[in-house]
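The following pair of complexes shares a single chain, chain A, combined with chain B in the former and chain C in the latter.
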Partner chain A sequence: MKLRYLEERIFKILIIFSVFLVMTSLVIIIGAVLFKGGNVLIHNPRVLITAPGPRYLLGGEGGFLHAILGSIYMVIPATLIAGVIGFGVALFLQSDYSNSRISGFIRTSLDILWGTPSIVYGIFMLTVLIFIQQRGCLLAGISVLILLELPIITRYADEAIKAVPNELKDSAYSVGATRYETSRIVGKYALPGIAAGILIGMGRGIGDAASVIFTSGAGSVMPSGLFESATALPILIFQQASSCYPSVREHAYAAAFSLVLIVGILNLVSRLLVRKFSKYVMRGK
Partner chain B sequence: MVDTKIGIKIRNLNISYGGNKSLGANKNIIALKNISLDIPDKKLTAIIGPSGCGKSTLLKTLNRLLETRDNIDIQGEIYIGGEDIYNPGCPVSELRKKVGLVDQKPYPLPSSIYNNVAYGPRIHGNLKGKKLDGIVENCLKRVHLWQEVKDRLNSPAAGLSIGQQQRLCLARTLAVEPEVILCDEVTSALDPLSSEKVEDLLLSLKKNYTVVMVSHVLRQARRLADYVVFLYLGEVVEACNTEKFFNNPTHELSRKYIKGTMAGV
Partner chain C sequence: MRRIELRLIKENISAKTMLILALLISGFFIAIFATLTLKSYLVISNYSLKELIFSSNWDPERYSFGFFPAIVGTIYVTLVSMIIAAPIGILSAIYISEYATSRRKTFISSFIDILAGIPSVVFGVCALLVLVPFVSGYLGPALGIETTGMCVFTAGIVLAVMVLPIIISLSAEALNALPIELRDACLSLGTTKWETIKGVLLKGASPGIFSAILLGFGRAFGETMAVAMVIGGKNQIPSSIFSGGQTLPSLIVSSFGEMMSIPIEQSALIFIALQLFLIVTFFNLLAKYINTRLRKRWYL
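Let's turn to the complex of A and B:
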């Protein structure tokens, strides 16, 4: 057999093996969460809609509604704010307001921030909290998630806007559109790419414990205001999983189940919205 | 060059592009050298020349679209309707409304057919309702697209064939009532039938508008244009009426270009 045909076969086997490896680990992880968490939820579905009792983390009564709400209250405003700021920065990077040196510097900074471990963000926000003599609260949690999501959302939006053909901008400029009006057209065209960044940013935000553990208060109480303590599902999972009570450890899977479910729902809703708004976009030309 | 009323007056236009420093090119690339031209009013002028001679660059300076690109240096004066368009006080948005551009490849806005045509009138005049419907219908009729799309005005414009998209882009330009229409090789991406339709349109438009067209097809320039500007390496070689250019060119380079024997020049 000729060497190039052998290469072709080895290449094909490698690709199939990679897909198999990824899919198997994905099925095992999600399957374990769904099976173990589903088991808890079937027997005690009220944990999803019940506030925690005073001794919840010590095996006492109650559910983890506080962490579900805490996660949603933190990640949705953080993603919306990071989305708006990120889109603005991305437009700046691509526009004639900026030159290639400034854009290059901002892009490198964002890439470094993207790769920075989330605990660093947490410690930074904690330092700010100590400086302003404020304790951990929902607002601090939201703020740290904005910082955490911003590099991802901005760089995705930046790349999506970069892919918008100059001719499309010219089309808008050529009928007398201003820069702002042209940006709206560009945003509409780049929406699928921007939305992908928002989804990935939101995924990082909702799944992260290290950044919010020091900053949101991490208390076992229902979130009751911007300046009150709140917790998130990843923090709760960490607390439950490291408990010495088997019943509490089991609840960690139920909390993980609801986290997967929330991410899935947010993902689905965003995709439906993007599909609705991007039906006019010309692709592949 | 021009014995009729002048629509666009270009004086001492010099354009250079900054070299890409990241690729090690520090020198500026000169795109247009000392261009002085009179483009006649309400006529069709074709800018011709080999690839890279600065045709599109010249065209896109006429509505100041070129300045949206990085590292461009534009020197000189361009007068449209007696007004110097590079005067810092000249409102760019108003200028681009007055001087519309249709590009080589049609790029409909990411919206419906209706919204594409309505876009300009909406942003300029805040128009809506029946008045806007009237403008959309009128413009689509003028580009002979109305019959083909009247039942699907709310469908995505991206779903139209490329020839239809080009006519839609023309309708979008006409909707803001420009005085000058710039066309950058508007038929180069089209099939022969669609090209014919667009050419017919350009012929009908030149009665009411100053049309400046870039073309690399000599036969097309001969068929459509009243005046021809021949550019070579960023300089105007010859600018005269079409008949004279094709039958009795003054310059040796023009003769060679028409004959197709420019290789080796």
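Let's turn to the complex of A and C:
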């Protein structure tokens, strides 16, 4: 009889201990980045807004403005394009444009694409680049990020549209709306979920290094055009973090700090957007 | 009359565009598979598969491509990470779905969302800052092992932290989906809470939990950057979990510089990407299949 209660006790302790471990690991990660990176940034905030010098990765002068700009130039167009395509495909999957067999097939391929390691996308894009005999450039970086973000955004939008009550669709049809017009109403109702999905996709895109490191050129110059080499924050962090020059490593901590900050802001914005867009959603059901 | 026509034209165009876009997405899957196969044909046709997989000699300049050390390294790292992440993840999921009050539930879930959103290079940087000095300075000496800290064990821990959010959120979802009557019926028979969880809930949610572990496995298997930063990049079969090694994805990254110059090495690295793609796809499909069975079982 006693043994049962003992077992209950032990496992309760184990459960709380493992939750504690998970929380601590997050605190350690955030703490280490904020402390180390913040330290560097407080002493030398100019690294954020200076262009890199000629020997930047070898401990030369300069900052990592090129990586911040490169990240922005790659992620924003990629997210916009992936968002539009993903929204369209999600509407296609949910509304009466397709039948359940086609939808099931497309959903399965989306799930597979979602799980595909980002390095596979990188290598795929690289093979395409080799085939068309083009060096790594900003445009290739944008395209690979579209590929990476598309499945995530589409699946989130899909789930959001699935949650729209059927009555809404039925009443739109009953007053004679076409499928296109109905989709617009349904899409508005699902807007909070879709916005969250787009921002999650964007967060994934801005933090991913393995896909863009092969395709965007990864040089240390300012991005100057669609067909010129560009680099992104995660690539820079990867190149700098294991450098043997301490000053270069410090820049990696500062870059990691900025990256965490950007991802954190995206997370916050997605929560705010969800609240803002939920004005289209019926309440009090 | 014109207004109606315009509406119908819009309707038609939208239907066509969406169909094309949707087919395009499925097309990506086929395109990736086809391109990678085509490009790795050079290495598959020149070497036997057995030679590629079981030879441990990776020396692109002498045209020998043995993936064995990287394969062993990948298996080690993934196993270490899953041994750490699976129990902790499942226990945390039990806390979230069974023990936590609803306020704590939201609090912990948002913590886990943040953890899931952290980029993988940041995990790598933190591991270099915290974990590597810890393993080489405290854990190694405490166990009487000489280690630089850049080792399979460190990489395994980093991956474990990275896959925890996936395992926790999917397992908690599977547990939450179980009907509340199951819990009530058990408790009314006089079982303790843990006995209910152990005997009934974990069994009921086992397909969901299993598929969560498989998805986490797929993620750990294909993760590149964080691993490449902490594993040490030695192309050898790791002698213990405290020695450096190489995984399949990190091999691609570390050989990337030379990759452009030798076509057959390029092909060999693309072959690695193909392997990753196929293995991860297999695990994801398996996870999806198991999850569908769970849903059928509980009429969800």
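The definition used in the following text is that the second predicted complex is superposed on the first by the 255 of 285 C-alpha atoms of A that agree within 3 Å, B and C clash if a C-alpha of one lies under 4 Å from a C-alpha of the other, contacts with A are read in each partner's own complex, and residues count from 1 in each chain.
To be clear about the criterion, contacts are C-beta pairs under 8 Å (C-beta built on N, C-alpha and C of every residue); 3 or more make two chains touch, one makes a residue touch a chain.
Everything quoted here is computed from the prediction, not taken from an experiment.
Asker: Applying the touch criterion given at the start, work out whether A:13 contacts chain B, chain C, both or neither, answering first, second, both or neither.
Answerer: neither
Asker: Quick one: classify A:180 as touching chain B (first), chain C (second), both or neither.
Answerer: It touches chain C, and chain B stays clear.
Asker: For A:172, is the partner it touches chain B (first), chain C (second), both, or none of the two (neither)?
Answerer: The first partner, chain B, only.
Asker: Contacts for A:80 in the overlay, against chain B (first) and chain C (second): which applies, first, second, both or neither?
Answerer: neither
Asker: Is it chain B or chain C that touches the larger share of residues in chain A?
Answerer: Larger number of chain A residues touched: C.
Asker: Can A:279 be said to touch chain B (first), chain C (second), both, or neither?
Answerer: first
Asker: Identify the residues of chain A that lie in both the chain B contact region and the chain C contact region.
Answerer: On chain A, the residues that contact chain B in one structure and chain C in the other are 178, 181.
Asker: Over in the complex, which chain B residues touch chain A? Could you list them?
Answerer: Answer in residue numbers: 22, 63, 65, 68-70, 93-97, 100-105, 107-112, 119-120, 123-124, 156-158, 169, 172-173, 175-176.
Asker: Report the residues of chain C in contact with chain A in the complex, numbered from low to high.
Answerer: Listed in rising order, the residues of chain C that touch chain A are 7-8, 10-11, 14-15, 17-19, 21-22, 24-26, 28-29, 31-32, 35-36, 39, 87-89, 91-92, 94-96, 99, 108, 111-115, 117-126, 128-130, 161, 164, 168, 192-195, 198, 215, 218-219, 221-225, 228-229, 249, 252-253, 256, 266, 269-270, 273, 276-277, 280-281, 283-285, 288.
Asker: What part of chain A is in contact with chain B in the complex they form?
Answerer: 96, 99-100, 165-178, 181, 185, 188-189, 278-283, 285
Asker: Would you mind writing out the residues of chain A in touch with chain C in their complex?
Answerer: Residues 4-5, 7-8, 11-12, 14-16, 18-19, 21-23, 25-26, 28-30, 32-33, 36, 85, 88-89, 91-93, 97-98, 102, 105-106, 108-121, 123-124, 127-128, 130, 147, 150-151, 154, 178-181, 183, 200, 203-204, 206-210, 213-214, 234, 237-238, 241-242, 252-253, 256, 259-260, 263-264, 266-267.
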